[in-house]
Amino acid sequence: MANKKVVLAYSGGLDTSVAIRWLADQGYDVVAVGLDVGEGNDLESVKNKALQVGAVQSYTVDATKEFAEEFVLPAMQAHTLYEQKYPLVSALSRPLISKKLVEIAEQTNADAVAHGCTGKGNDQVRFEVSIQALNPDLEVLAPVRSWGWSRDEEIEYAKQHEIPIPIDLDNPYSVDQNLWGRSNECGILEDPWTTPPEGAYALTNPLEKTPDEADIVEIEFKQGRPVALNGTTYELDDLIQELNSVAGKHGVGRIDHVENRMVGIKSREVYECPGAMTLIQSHKELEDLTLPKEVAHFKPVIEKKLSEVIYDGLWFSQIRDGLEAFLKETQQNVTGFVRVKLFKGHAVVEGRKSDLSLYNEKLATYTPDDEFDHQSAIGFINLWGLPTKVHSMVNRNGVNV
Amino acid sequence: MANKKVVLAYSGGLDTSVAIRWLADQGYDVVAVGLDVGEGNDLESVKNKALQVGAVQSYTVDATKEFAEEFVLPAMQAHTLYEQKYPLVSALSRPLISKKLVEIAEQTNADAVAHGCTGKGNDQVRFEVSIQALNPDLEVLAPVRSWGWSRDEEIEYAKQHEIPIPIDLDNPYSVDQNLWGRSNECGILEDPWTTPPEGAYALTNPLEKTPDEADIVEIEFKQGRPVALNGTTYELDDLIQELNSVAGKHGVGRIDHVENRMVGIKSREVYECPGAMTLIQSHKELEDLTLPKEVAHFKPVIEKKLSEVIYDGLWFSQIRDGLEAFLKETQQNVTGFVRVKLFKGHAVVEGRKSDLSLYNEKLATYTPDDEFDHQSAIGFINLWGLPTKVHSMVNRNGVNV
Amino acid sequence: MANKKVVLAYSGGLDTSVAIRWLADQGYDVVAVGLDVGEGNDLESVKNKALQVGAVQSYTVDATKEFAEEFVLPAMQAHTLYEQKYPLVSALSRPLISKKLVEIAEQTNADAVAHGCTGKGNDQVRFEVSIQALNPDLEVLAPVRSWGWSRDEEIEYAKQHEIPIPIDLDNPYSVDQNLWGRSNECGILEDPWTTPPEGAYALTNPLEKTPDEADIVEIEFKQGRPVALNGTTYELDDLIQELNSVAGKHGVGRIDHVENRMVGIKSREVYECPGAMTLIQSHKELEDLTLPKEVAHFKPVIEKKLSEVIYDGLWFSQIRDGLEAFLKETQQNVTGFVRVKLFKGHAVVEGRKSDLSLYNEKLATYTPDDEFDHQSAIGFINLWGLPTKVHSMVNRNGVNV
Amino acid sequence: MANKKVVLAYSGGLDTSVAIRWLADQGYDVVAVGLDVGEGNDLESVKNKALQVGAVQSYTVDATKEFAEEFVLPAMQAHTLYEQKYPLVSALSRPLISKKLVEIAEQTNADAVAHGCTGKGNDQVRFEVSIQALNPDLEVLAPVRSWGWSRDEEIEYAKQHEIPIPIDLDNPYSVDQNLWGRSNECGILEDPWTTPPEGAYALTNPLEKTPDEADIVEIEFKQGRPVALNGTTYELDDLIQELNSVAGKHGVGRIDHVENRMVGIKSREVYECPGAMTLIQSHKELEDLTLPKEVAHFKPVIEKKLSEVIYDGLWFSQIRDGLEAFLKETQQNVTGFVRVKLFKGHAVVEGRKSDLSLYNEKLATYTPDDEFDHQSAIGFINLWGLPTKVHSMVNRNGVNV
């Protein structure tokens, strides 16, 4: 009988290298898939390593542009910050990676898809729910969760099977990175009273080492999409990379977060998202100018829900479709310019302008150009305050007094 | 027939000085009330000036401690930020000032209460609704809104009636300040593309002039209340003042906001809230450690509503009572310490700890001390993903595919 | 100088007949517009009466189908019930009427648009905001609000100007009706302790006079749209009319509501909405079968907001566009059949089925066919209950015990 | 070594009788607890049967009054209806039963607590999370879920161990009942297209057999609590029982619901809640009269969350404490009378009155007594519509046109 075939998300690291061999031991033909979603992986070397440790086939996919367009853009427009802090770095890439795995599984007639997550994080949920959403006939395997080895046992197995041990094996951090940022957990960070050590960071300068001269960046948005920096047009992924670089230099976007995971525990994570935080803040400022009050006050309800939906692994779902449909309507007038000062860890929006601005100087001014009808306020307050007045009249002599 | 009596909120500035005389012209005996809610007014001089320009009585009230305890504390615990930016500086003081005016009106048997607002801002609404809530029998007068004069006409009237003209009359800004911060509007700020000039700020250093050495502050909270800085116990208002000073020195808490007013227009405001922003961020970090997930995810709904209720002048209302009752329940375990680094405009929380922490290192760790049951995740994901799986199975061969 | 021209929404009743003359007295050429939005107006007679009392032109518009398609359908799909009771009968027609008035104003080069509302209701707000949204250059006139006459003064004016006095002038009710239902206020209804008299109702039988035999109706929905009754295809407006008739016969859809108006007062209204209530309930039952849980639990947030947006006169707005975009996504799978028993004031849904049903008997059954994995519940509960367990462990020996 | 001791929730039925023996086989001393939460159990016979089939101790608890006061009352005040339909009958009793089990476990020094649920329902989650919340040191056992037998295997085991087989063993329904209603699932109900058979109901008459004469009931509420029927004071549980009887006679409160369970599946349930539905509707009507608009519009957000929290087994939690604290504030003025007509399956509220009513006839009336200032509406609409007007002006000539 032929072996079953499994498509594995392969990073080139120890866990997934061991997984290739372990899955082969279980009787699977392993198809490895190395992906880049903006972290700048050396895909060729990943591809070769997979074959070296036992994969029967090895694919590579550069999904950076798709990641920017389909995943990062709506997240930026919705200012998605889980628990008001975390810009969903890994949570955004998991559904895209799942989609690529499923596509390759369908092309190669595979029986199963596998990921390298343990049983404790959010990513296992995101992978498995995404894969089921896309193709419920595929089996999902989680070799690292299944074998349940200690670190020492895993290394022993690797040595026995001549799997190369990474030279930075004693790196105390567990890192994930993509176009939208970088996350870091474990090690000394596990005590939330401890200041994160500089070694936890890679994309941003510490405040103490940021330049003493600011960079001023003018970002142009068209219908909610950032299209140019300082007058130069960029593709979306390039624009984000450029901001990661310049904002990172100024120390923008460090986040230290004690968060509530899906699996019922709190964990402490450190994130670096220089481009993400610069864009989210800039975009919000342009919305402050161009969204009507009713929209500005309700959109955060959508944003919060979308953040939770994405964090919770429900990217491929009708609820996300609905939330994004709302979002899309709101972006039609988010067109204009934002001037941002990048300096000492800040992305300070100093100015915003739009041909579709709802800010009306003639109405807002306190100069003699004022066109606002001050006497209208009297009638407005009469009716706005009427329920309060009636309530007060009723209760003054009532049970409450 | 005896004159009617009106109690006027008196700042000592031109508008309310003219209002005293104008109200007297309308046949009112004017009782002036000078208040301090943490801005450090020279109440004695305000009191005398009121008598000088025509008040029949002049009261002063230092309401700073009441402001801190009854108004600022719940706002801080609820992280109230209108439109996610503005910490409600003036919106918090208006109901307290209204309460003091009503108390004095009732003591002096006055017929009316008056404020110095124009017809275009939010504060007129907050004063009038608050006063009606507290005593619906009192008439409310708004002399500045009623006379509708241009600046020149007002000055002409002042000169005719020997009302002193302030020396900073050509100050282009309109400022309000209290314990929780300082707001600034008008003048050059009316163009939202323009960078706010340094003259708009008074409580905070520009980033360029902040110290090159950080201050580290350890804030102790007991049941959601900040009680000590670096081990020294403070009364609440003193603690906030101390943080205003030290965080202001480091440039923390500048806010530049294009906001939606109650009266239907957008306006551009500049705020400085060094103590407020430091405390709100620190308090949230301690909540991240001590609130259960369900509370952490629902409390923002309450926070948003409370922000809008306060901004919209509904402080004295059953809805605020209800929201604060929820809030109070959430604060029982918000006890512990937060270590904040004040540096270059940031209040970076570097550590948080609590005897009531729900962060459990034994569950969170990736070391061999791990007590989390990884296999439980399998059952969890099966049920969590089941609706998605069923939906996918139904739709694969259905109308959507 | 030529007269200014005003387009008036004309019902044929006393108020708007007097308004034609009164506007003419003010120097306006009055263009009358008689509309039908499903109430079955005799438009020809309305048209002639307008000319008779002084209009220079008289238009009629049957907007029933547009009302059904563009206004009623999304309201039904969103189950919009203001304060969980009122299906927005008049609130839905006002924006459509405004749209027709503006169209005719633009065709006839009119300067202004006028409505017949008083200063106390919601409809004045809905008309004026809708008209401003569609064409902010048009002036809006509210003659009835402007003249401020008592009933007797109005009749006196009518007699003087030979305006026909309706024969039912002492009708104690104020009624508005359209395809989606009928509203009634005033008179004896103003005491909320009083049972509404039978005279307040016109579309529904009292329970005491309903048939003793039920009608069973099978409603077919396609993507959220009701398309057939008992196997017969209907256009939307005809389907609603048919349900108004048969459900009205069985006494379905009487609503007695003490509601909060926009203008700050509570009022008591009586509504009859037999077709509306039958469709809303039936549609929800089909959603219970076909919407994923996440959508089913969040859609009510959208529904509530949309109800308030429509009630508050903001039909023509970006916020409604966004809410409807969400709504539209949710309707893609709302396809199937609902069997409703109309009997004694009830529209009881007795069965629902769909090819896209997410109800899975193999998973739900307690028979031996059960395919649900009962052991998954153990892992699920472990993680679901983990925050509670940690919270309990922390607090048992902590400050809370 | 001594046996471990387990406290089992014992109903007297087959499952929990078999569980006693099975647990004893596993080496446990079983302490049985028979409870009544308003369903009228014959506790004495339950107690004896437990001892007969092998329990070492047998307790009985009548918790009906505590259920009414602590669980049903807030649920009624919050109008908790899961998915807008289900009044949380079983979901409310599970935490109370858990509490009683834990109390007896602590008194008897037991090691574990056990329930008779399978692995597919919501109740297993509610029991286990409640027990962990109250005493995380107690082990929780679920014998029925553990043994995983088919019905035939269970009966075989019962026969072998001389456990009495109930005479209604082929009853196709699975029923749970308490003071707040009765739930029914399984059997023919599993096809959601099938009309529920009359055999599924026990507390309510079918519409066809209800009396042709209505009962009119006047319910008095004090601060949100129903205290009297037709002028006669009742204890809360007696008042609900009385309404169950009279409203049930009139066929009020049948609910047929396809609902989303916690464990990821949809199920179809039939409920009967005559007293619950009568009280919830009556209480809401009194709130319509006595709650300020802001509270009336926000309370549903709290209600929805509370419904989900209770359904999801999180009764003993800080989130419920917070939601109930909000709720309590809202009930202070919910004092007055509601007149309800019970007839043909309806609980029609025909009148409501309160000394604290915020309905003001002087403001609401259209008679000459009108005290409402109609001209205030002009200013109100000017400002309310201003954002729309500005938006329209901007967009008419902008990208959107």
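By written order: A, B, C and D. Residues from 1 in each chain.
The definition used in the following text is that contacts are C-beta pairs under 8 Å (C-beta built on N, C-alpha and C of every residue); 3 or more make two chains touch, one makes a residue touch a chain.
Predicted model, so just to flag it, every value in this text is computed and none were measured.
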Set of chains whose contacts include both chain D and chain C: A, B
Chain D against chain A, contact positions shared by both copies (same if over half, else different): same
Pair joined by the larger number of C-beta contacts - A-B, A-C: A-B
For chain A paired with chain C, centre-to-centre distance based on mean C-alpha positions, whole Å: 41
Rounded Å distance, chain A centre to chain B centre (Cα mean): 31
Overlap residues in chain D, where contacts from two or more other chains coincide: 260, 263-265, 292-294, 314, 317-318, 332-333, 357-358, 360, 363, 373, 375-378, 380, 382-388, 390-391
Chain D-touching residues of chain B, taken from the complex the two chains share: 260, 263-265, 291-292, 294-295, 298-299, 301-302, 305, 309, 314, 317-319, 321-323, 325-330, 332-333, 382-387, 390
Touch list for chain C against partner chain D, complex: 83-84, 118-120, 124-125, 128-129, 132-136, 145, 148, 150-151, 174, 185-186, 190-196, 207, 254, 256-260, 262-268, 284-285, 288-289, 293, 296-297, 300, 304, 308, 313-314, 316-318, 337, 339, 343-346, 348-353, 357-361, 363-368, 370, 372-378, 380-381, 384-385, 388-389, 391-393, 396
Touching residues on chain C, where the partner in the complex is chain B: 292-294, 332-333, 335, 355-358, 360, 363, 373, 375-380, 382-384, 386-388, 390-391, 394-395, 398-400
